[in-house]
Amino acid sequence: MEFSPFYQELITSLNRGLMMSIALIIPSVIGGVLIGILAGATRTFGNPFVRKTADTYAAIFRGTPLVVQLFVLYFGLPNVGIYLSPYVAAVVGFTLCSGAYQSEYIRGALLSIKRGQYLGAQALGFTTFQAIFWIIVPQAVRRAIHGCGNEIIYLIKYSSLAFIVTCIELTGEGKTIATEYFRFTEVFTIIGLYYLALVTVAIFILKKIEQRLYVPGFGHS
Amino acid sequence: MPIALSAVIDSLPYLLQGSFITAGIVVSAMLLGLVIGVCMAVGLVYGNRFIKYPLTMYVWVFRGVPVVVLLFLFYFGLFTFLDLNFSAFASVTIVLGMTTGAYQANIFRGAILSLPQGQFKAASALGMSNGQAIRSIVLPQILRMSIPAWSNEYSIILKDSALAFVIGAPEIMARTQFVASRTYQHLSLYIAAGIIYFLLTWAGVIALRKLEQYLRIPGYSHHGSN
Amino acid sequence: MNESSPILRVNNITKSFGDNTILNDVSFELVKGEIKVLIGPSGGGKSTLLQCINCLVVPDSGDIKLEDEQIDFSSKQDLYSLRQRVGMIFQDFNLFDHLTALDNITIALRKVKKISKKEAVKRARLELEQVGLGDKEKLYPAQLSGGQKQRVAIARALAMDPKILMLDEPTSALDPELIGEVIAVIKSLAHKGMTMIMATHQISLISGLADEILFMEKGKIVEQGPPSLLLTSGNSSKSQGFCDRLNELSEVEG
């Protein structure tokens, strides 16, 4: 099958963009989950001061568009002398935004664990750390995984905004090529397929994880 | 911190006018999504194979492809290709409406499935056709049930409306960008934009909560149960 | 061990939550093999007293001596070691929902007592057999009935070889037909000489097992003595009055 030069250039650029997308997604997912756990735990168990701080963080990053956050990070911060590279600005933006949503799911999961679980562990002589690590966390993870998984899917889709801060990933490459050849329909249909593939793979992996962790009696909260 | 408040204050009226455009986009998209979502949910639950399959595909596509990609695809691609002269405003509304429609379809589908089977059976036993039963018995209940999830969708669509600037709709984000490029006060302006969005989200969520309470007034009767 | 030296000495325990004084200068002793039963109206402080003994709730004042060793409330190590030696059965079972019946027992043995996995499994199987649930080891709490859950909870507590077993309303959350299996297990424990202190409304445990009854009201022990003294019919003791009311209730239910 002979591919025209256009398609060859398209696929090459898109694959390059795909690599950048993955390079954006993976750190952001990991960072988002970690921040989500930190903020979620703080918002559930912390003292009033740290709790308010974490609540405020979550409210700001969930209450404003990701676009605005990216603009502030990349175009706004230079006003106060902080210069972030496009890649760093994008990852920081995605991580902070995703982290806020993740903290919501994790907070919900932690709140849903009955206090009696902790009491039962204490009565057996578990230290605080042991009770949290062996009894609370394994249950919270199972409760949170559905919501956290959904959030990861959202992150994959919103990574498409990186071009706004001039970090060129899949969507950015497509925009360049489509503008050059003015063939938007084809280019963006193919890009759409790329994203569908990414999302489908992610959903598959998450389902497998959910299955491995399954315990009778633990539906989604 | 060199926050030039004067730049923000001067441009505030201009920015706030953008919020009317934003509000227009969001309200229209949500309503479009409502219609699409309800119809699709009914199709997904009660329809046969030939209806379910394409609907499921639709949901899969519009939940898996990013909004920006869809905007480029439709505005610069399909609409041009089909010679449809939709404005940026209309295009954003259509794209967002179709996207939220897919998510709302799932919300309403879940709500329908959670209704006890007996509701539908009782309606049929009373001699209602399927269509009547759905319209009079199922819909009033699931619409009320879904207000919290719908409120969540509103919040998401409001934030997605900020993407309209990439195709040039003159809403909040586009205007902020315009002012920032001329005054160079990026930080304060974008923070101001963020605050405007935050307030719009807040206002909308409260309004929907009031709606939920309003619809709970006792004495509201189901049509058709004689 | 000296027969007359009590295993547990609880002296002048006081505990308040805000303005509410829940426990007001409570003292008692427990000798090896003895069974004491706490009865009385709700809010009298029975649950709080039990939770003070293993310091799930730390007393405001007073002291606790287990096997002649004073417990230092400010030392985390003391508290952890105390709880290993005192077993507790809760009204709501508090089984770990994400673990099988077997793992519910082995996890404490492995993490707290640092026993090897092989040994822990062996011991856990033994305890499950003892409460009659040997064939249920692979089931999760969500798959067990209330009575079965409580029996697993008892097995879990016993696997730790506690010096004393505390039971906080062990049958109160159970459907009537499931109470019997749990009472049977508790009775067999008593037969084997387990030192126990329990709060309960179950008549058969109160009159049938108790060596001494402690009647608690408004945070104080207002009446104390063996069933033979307090519960003879026609007796005007508070305990008798309380038990009469319990009997009436169970007749209405039955």
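Note that the chains are named A, B and C in the order they appear, and that numbering of residues resets to 1 at the start of each chain.
Keep in mind that, in the parts below, a contact is a pair of C-beta atoms (placed from the backbone, for glycine too) under 8 Å apart; a residue touches a chain by one contact, two chains touch by 3 or more.
Keep in mind that this is a model prediction, so the values were computed, not measured.
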{"item": "Chain contact topology (line, ring, star, complete or other)", "value": "line"}
{"item": "Two chains sharing the most C-beta contacts", "value": "A-B"}
{"item": "Whole-Å gap separating chain B and chain C, where each centre is the average of the chain's CA atoms", "value": "56"}
{"item": "Rounded Å distance, chain A centre to chain B centre (Cα mean)", "value": "22"}
{"item": "For chain A paired with chain C, centre-to-centre distance based on mean C-alpha positions, whole Å", "value": "47"}
{"item": "Residues of chain B engaged with two or more neighbouring chains", "value": "none"}
{"item": "Touching residues on chain B, where the partner in the complex is chain A", "value": "1-2, 60-61, 63-70, 72-73, 76-78, 80-81, 158-163, 165-166, 173, 176-177, 180, 184-191, 193-194, 197-198, 201-202"}
{"item": "Footprint of chain B on chain A - complex, ascending", "value": "60, 63-69, 71-72, 75-80, 157-161, 164, 171, 174-175, 178, 184-189, 191-192, 195-196, 199-200"}
{"item": "Chain C - residues contacting chain A, complex", "value": "54, 56, 76, 80-81, 83-84, 87-88, 90, 92-98, 107-108, 111-112, 140-143, 153, 156-157, 160"}
{"item": "Touching residues (chain side chain A, partner chain C) in the complex", "value": "114, 116-117, 119-127, 130, 134-135, 138-139, 142, 215-218"}
